[in-house]
Amino acid sequence: MLTAVAGYINFWLIAILLLVGVYGIIATENLLKKLMALNVISVAIILFYLNLGQKAGSTVPILLPGAEVGVVNAYANPLPHTLMLTAIVVGVATTGVGLAMLYKIYHRYGSLEEPDVLKEMRQ
Amino acid sequence: MIVDFFLTNRPLWAVLISLVAAGLILLSDRRPNLRETITMLAAVGKFVIVLTMLPDVLAGQVVESAPLKLAPGISLHLRADALGLLFALLSSGLWVVTSVYSIGYMRSMKYGHETGYYASFAVCLSAAVGIALAANLLTFFVFYEILTIATYPLVVHARTPEAVSGGRKYLVYTLTAGQLLLIAVVWAQVVAPGAEFRPGGFLAGRITPPALDIMFILFILGLGVKAAIMPLHDWLPTAMVAPTPVSALLHAVAVVKAGAFGFLRITGYVFGPELLKETNLGSLLAWIAALTIIVASLRALAEDNLKRRLAYSTVGQLSYVVLGAALITPMSLVGGMFHIVAHAFMKITLFFCAGAIYVTTHKENVSEMDGIGRQMPLTMGAFTLGSLGIVGMPFVVGFVSKWNLGLGALQAGHPIFVAVLVASALLSTGYFFPIVYKAYFGQTRETYSRHEAKPSLLYPLVLTALVSLVLGIMPNFGLSFYQLAKMAAKSIIASGMVLAGGGQ
Amino acid sequence: MKKVALILLLLLAGLFIYTSFDLPPTNDLNSPPAAHVSPRYIEMAHEETGAVNMVTAVLADYRGYDTLGETTVIFTAGISCLLILEARRKQKRNKRGGR
Amino acid sequence: MRERYGTTILDTAIRLLVPFYLLYAVYVLVHGHYSPGGGFQAGVTLAASILLVNMVQGDEVTWGVNKQTAVILASIGTFIYAGIGILALFWGGNFLDYGVLPLGEIEPKVRALGTLGIETGVTLGVMGTFIVIFNLLTGREE
Amino acid sequence: MTAHLPALIVISPLAIALLLPVLVRLSAELVRVVAITSALISFTSSIGALKYALAKGNWHYFFGGWPAPWGIEYVIDPLAGGMAVLVSFFSLLVIIYAGPYLVNKPAREKGYFYTLYLLLTAGLLGIVVTGDVFNLYVFLEISSLAAYALIASGGHRATVAAFRYLLIGTAAASFYLLGIGYLYAITGSLNMADLSELLPPLMDSRAVVIAVALIVIGLGIKMALFPLHGWLPDAYSYAPAPVIGFIAAVMAKVSAYALYRVLYFVLKATGPVSLALDVMGWMAAAGILFGSIMAILQRDFWRMLAYSSVAQMCYIALGISLANTMGLFGALLHILNHAVTKGCLFLVAGSVNWQTGVREIHRFVKMSRRMPLTMGAFIIAALSMIGLPPTAGFFSKWYLVLGAIQSGAWAFVIVLALSSLLTAVYFFRIIEHAYFKEPLKGKDGQRHATEPAKEGWELYPTMLVPILILGIGILALGILSEQVITHLLQFALPWRAF
């Protein structure tokens, strides 16, 4: 039983992390917190991919000095790592743009609470 | 080579010439003489093009233009058969007359923004001829909707709040109908790919009653608005705020006629006599038409505004055409088709008269018209002739179609509709007689001198009145309208026989 | 609103857990991601691209186009911030000039 | 004008640390082929060291990399990447096919050199962008 | 260079965009010329690639020379090629249009604008031509980031709208990423063609259910599919005109295209996809009515167009959900038609606002006198939105109704008919104001529109010509819709059409 669960528990934790992020976007009214929740989502997805790249008993995907080339199971899958490097960078870039917008919003409206901002904006 | 290209594609040119004219008119903004010249040239050109097709069609041939594909399996296809040419000849011929009248009328009224008016008018005529010559349902629908839109600027031409709200009402009715018609057309296309009009119908054997009934009702609703069938007629009297030539166009030449014409196409060329008889859908439509005839005539009695009274008269008269289409016997079809022509000439005369009276004396209510016949004898003479025709007096054109319709009702085994026709004749006497009586014998304090409308208003109405007299005596005179109607009716019934024979 | 969202998300969590059993378990040596496509990177990367670090080989060579996109995303973010915040500076200056 | 953080401790620490930061950044860039690392990490480290100096020693100490120069750096850096890709087109390869570049080596080595080239571009691009974003967000005028 | 056309489609705007911040130091005019040139290169390349794809079949282009499942490939099939032509055409048109709009902006801002504009173009084109699901994500993010910033450049309201768009858009992209993560987990591949071969035996896996749900939600948000459209009205109504002319015309369509590509070409519309399509169909039907009714309630012309976009995107979704040949024709044709029509409408809205400062519908009185050609194009576009022949909009509706009747979905038929009427209500309201209402003298606000224009009668030619091209294009597309279908769209279906 435990071994059966062990292979999947990572996915469950990741799913919970993801939903925490989604809940954060829905439930908080502070725009900055929403942006942070967005980052939680992106972290969950990164973990999901990295989890897919794991293999039992494998090491980092860097060829060991003197090792025989081509022992597939000796190294972790490099593809998810590559993809997630990209995803991390995308997340950072989005956060940067989001912060820039928040900066401007805060200067104009003096608040980052969504209801306040919307109320002011619709006038 | 070039001549051949021109000759084979005549239906296309007939449609295109006024579209091109519309473009030119828009470009010649603020040059009234130029745009009116273009209008006249296009009108005459269109009429001539349509006229050249007449000998071919009378000889039993069909003039077809090269199809322009609109969608896989279905194309923009124009074909001049007898029924189509009848309507095309009528509308393009009357456009010439209406153009002359428009120029006179619009110059007198000084609206100040006529460019759009003439352009829309030209587009309307393109659409009307396109409807007439459409060879399949998609083409029919395309031009039907173009007509809807092109008429809208004409209805709101006066730009008064009443005009704008009248236009709104017009749009609500016609666009809704357009959507219902679209569903019906697409459905027919799904059932019978291509949906090419065929004398005797193409739906037989492809669709079974419950669906068939719904489809037919969709067609009735879709076409019924333009044809002003009774619960759907309400936009027509409201649209009377438009300038008189527009009313003439609406009633006599294009718009409502397109609806009535559509009924002939649907019953004769889509469903076919057999299918309608089997399912009793024909009688359903006939009863709707009969009801419309009676109720509209009663409504007309109560109207004081001359143009609105004429409008209700139109509602009633159009249902004659629908009745002919619904009864779908040889005589009723001839009657219905010929009534398109007959009503066109009579009603255009009446509207021209109403317009001429309005321009000359600024009177638009029946109650103000005492003694007007002594002031404008020619105009009122034409008016009298037109109203006699509507009543169904022998030797005026209306009689021919009504006689045929009556015979058709007997052929179909529904003598009750003859009674409807008679009742309607009495009622129309009821709403026209007071006008004529007042015009000639009404007491008025005004001093009246003989003062006719100006020539560009007067000549067209005299001409159309004379034509309705001549056609009443010789229905085949000139353009062989009666012959065309007979040919079309024969083709519908004959192919029905063949189909029935093949079935046994 | 929040409560509805919470219930919805709990349901979703159930769905995620339910479907997770069709995913390859963690550390599975024969999972599709381990068995398809990626073996070539591990076996051939050094030979084909001269990189000992397979992640670099995939990042900069096999899937170098993704990385170009990624760099462009960063660049886009930079220009975006400039467009968003520079305009603000200008507005502020105008306002000050107006007074 | 913002208040300077400069205290003796901070100044000294920066003087000692920043050279190592820079060296480390270059190492991460060049050694990306053999160990974890590469253009992004190097770029971020470079940007961090410049921003650190900038924060501690005041707005005027930017080593010439102010916001406007940083934009140009970012744009040139990223263009180096795309440019190397386009260069490959002229020698008959597909876009980003470094193997065809005429560098007089066997293919894996040429590819490795190409990779180094683009990583350099990425480093510059990331560095420039991060400096821009940071400067904008901290509200520093040039 | 002709061997590299698929790459050039994207590389040209992308690489040149990278240079623009440098070039702007030299001259702002140079930036404009270079940007237009790169859009032109992109446009001609996509036409070339499309021609090749139609003549010789799918064109696979391998980046870095690495074969497909290992490297990234671009696949130009007629669908991708056609979309690329559409997107790059709009990019070119609107970048020309943007010239006068930016004329008073400082040089640097112009440079940033053009940079982001080209990046947006490159991102959208990258989504269209890519054959790799992860590469699609990367370019989705490039285009989204550029779009957020361009929208935010419209002022402080636009910034709020853009930030909300950023939140929901990034969440959407994350869902999409997780969705393809699930597909990757069970197949080990990211290449679309490879996936489509590996997936069929796995279609009853529960992971596919989640993957489909995530991808539909993710791309559904991006294409503003009801009820995931929340970001759209604000973003569309506050963004600057040239930006919105481009975004409204193609951006949501590109997401719709991506959804269509993944559901039909990668997942083959089997298994859980059919359920997703059913749900999507009903959502779309609800969205059509919702969008139309909301549009009627708006008093601001831009906002009205935005809600109209919500409704019209649902037409596309409806067509996709029908899953028969005619429905898909309708959807694809509507992607094309609505792009041209809505592009035209937003350019008109932007021009009217730019020339006269008018946004509200009741101030359109007598606009036909001031801008007759622009309003002429507007009328054609409005008729097309309503779906009246012979404009383009009619024919896409024709196929949608045809497809709905073929699959017996009478509810959808009724919705389509009803929506035309609702659309007519809000467009004829403007036509009434612009053409047939006499100005009420002395009332504030209405006098403004009747004042003689300071800068003359019509627009600058560079703004007017794109509008007129689109106006004529609507009519041309209508009359030539059969050509479009037989020569292009029938090859863009997942199965043989005829």
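Letters A, B, C, D and E mark the chains in the order given here, with residues in each chain numbered from 1 onward.
The rule is short, and it goes like this: contacts are C-beta pairs under 8 Å (C-beta built on N, C-alpha and C of every residue); 3 or more make two chains touch, one makes a residue touch a chain.
Because the structure is predicted, anything quoted here is derived from the model rather than measured.
A.B. asks: Shared touching chains for chain A and chain D?
C.D. replies: C, E
A.B. asks: Could you tell me the least number of steps, going only between chains that touch, from chain B to chain C?
C.D. replies: So the least number of steps between the two chains is 2.
A.B. asks: Going by C-alpha centres, which chain is most central here?
C.D. replies: E
A.B. asks: Need the most distant chain from chain A, centre defined as the mean of C-alpha atoms.
C.D. replies: Chain centre farthest from chain A's centre: B.
A.B. asks: Decide which interface, C-E or D-E, involves more C-beta pairs in contact, and give its chain pair.
C.D. replies: It is C-E, judged by the count of C-beta pairs in contact.
A.B. asks: Please identify the chain with the largest separation between its CA centroid and the CA centroid of chain E.
C.D. replies: B
A.B. asks: Can you give the whole-Å distance between the Cα centres of chain A and chain E?
C.D. replies: 29
A.B. asks: For chain C and chain D, what's the span in angstrom between their mean Cα positions?
C.D. replies: That pair's centroid distance is 20 Å.
A.B. asks: Where the centres are mean C-alpha positions, what is the separation of chain A from chain C, in Å?
C.D. replies: 8
A.B. asks: Which whole number of Å gives the spacing of the CA centres of chain A and chain B?
C.D. replies: Between these chains, centre-to-centre, one finds 69 Å.
A.B. asks: Going by the contact rule already set, what residues in chain B reach two or more other chains?
C.D. replies: Residues of chain B never touch two or more of the other chains.
A.B. asks: So which stretches of chain D touch two or more other chains?
C.D. replies: Residues 34-36, 71, 74-75, 78, 82, 85, 95-96, 98, 133, 136-137 of chain D touch two or more partner chains.
A.B. asks: At least two partner chains per residue is the criterion; list those residues in chain C.
C.D. replies: 16, 21, 23-24, 31, 33-34, 37-38, 41, 46-47, 52-53, 55, 57, 59, 61, 63-70, 72-82, 84-85
A.B. asks: Can you give me every chain pair that touches, using the contact definition above?
C.D. replies: A-C, A-D, A-E, B-E, C-D, C-E, D-E
A.B. asks: Flag every residue of chain E that touches chain C in the complex, lowest number first.
C.D. replies: For chain E paired with chain C, touching residues are 14, 18, 21, 63-64, 66, 69-72, 106, 108-109, 112-113, 115-116, 119, 122, 126, 134-135, 138-139, 141-142, 145-146, 148-150, 152-153, 159, 182, 184-190, 198, 205-207, 209-210.
A.B. asks: Considering the complex alone, what residue numbers of chain E touch chain D?
C.D. replies: Residues of chain E touching chain D: 1, 4, 7, 11, 14-15, 18-22, 25, 61-65.
A.B. asks: Can you tell me which positions in chain E touch chain B when the two form their complex?
C.D. replies: 383, 386, 388-390, 394-395, 397-399, 401-402, 405-406, 413, 417-418, 420-421, 424, 428, 432, 435-438, 479, 481-483, 485-486, 490, 498
A.B. asks: In the complex of these two chains, what residues of chain D are touching chain C?
C.D. replies: Those residues of chain D that touch chain C are 32-39, 71, 74-75, 77-78, 81-82, 85, 95-96, 98, 108-109, 111-112, 114-115, 118-119, 121-122, 125-126, 128-130, 132-133, 136-137, 141.
A.B. asks: Tell me, which parts of chain C touch chain E in their complex?
C.D. replies: 15-16, 18-19, 21-24, 31-38, 40-41, 61-66, 68-70, 72-73, 75-77, 79-84, 86-87, 90
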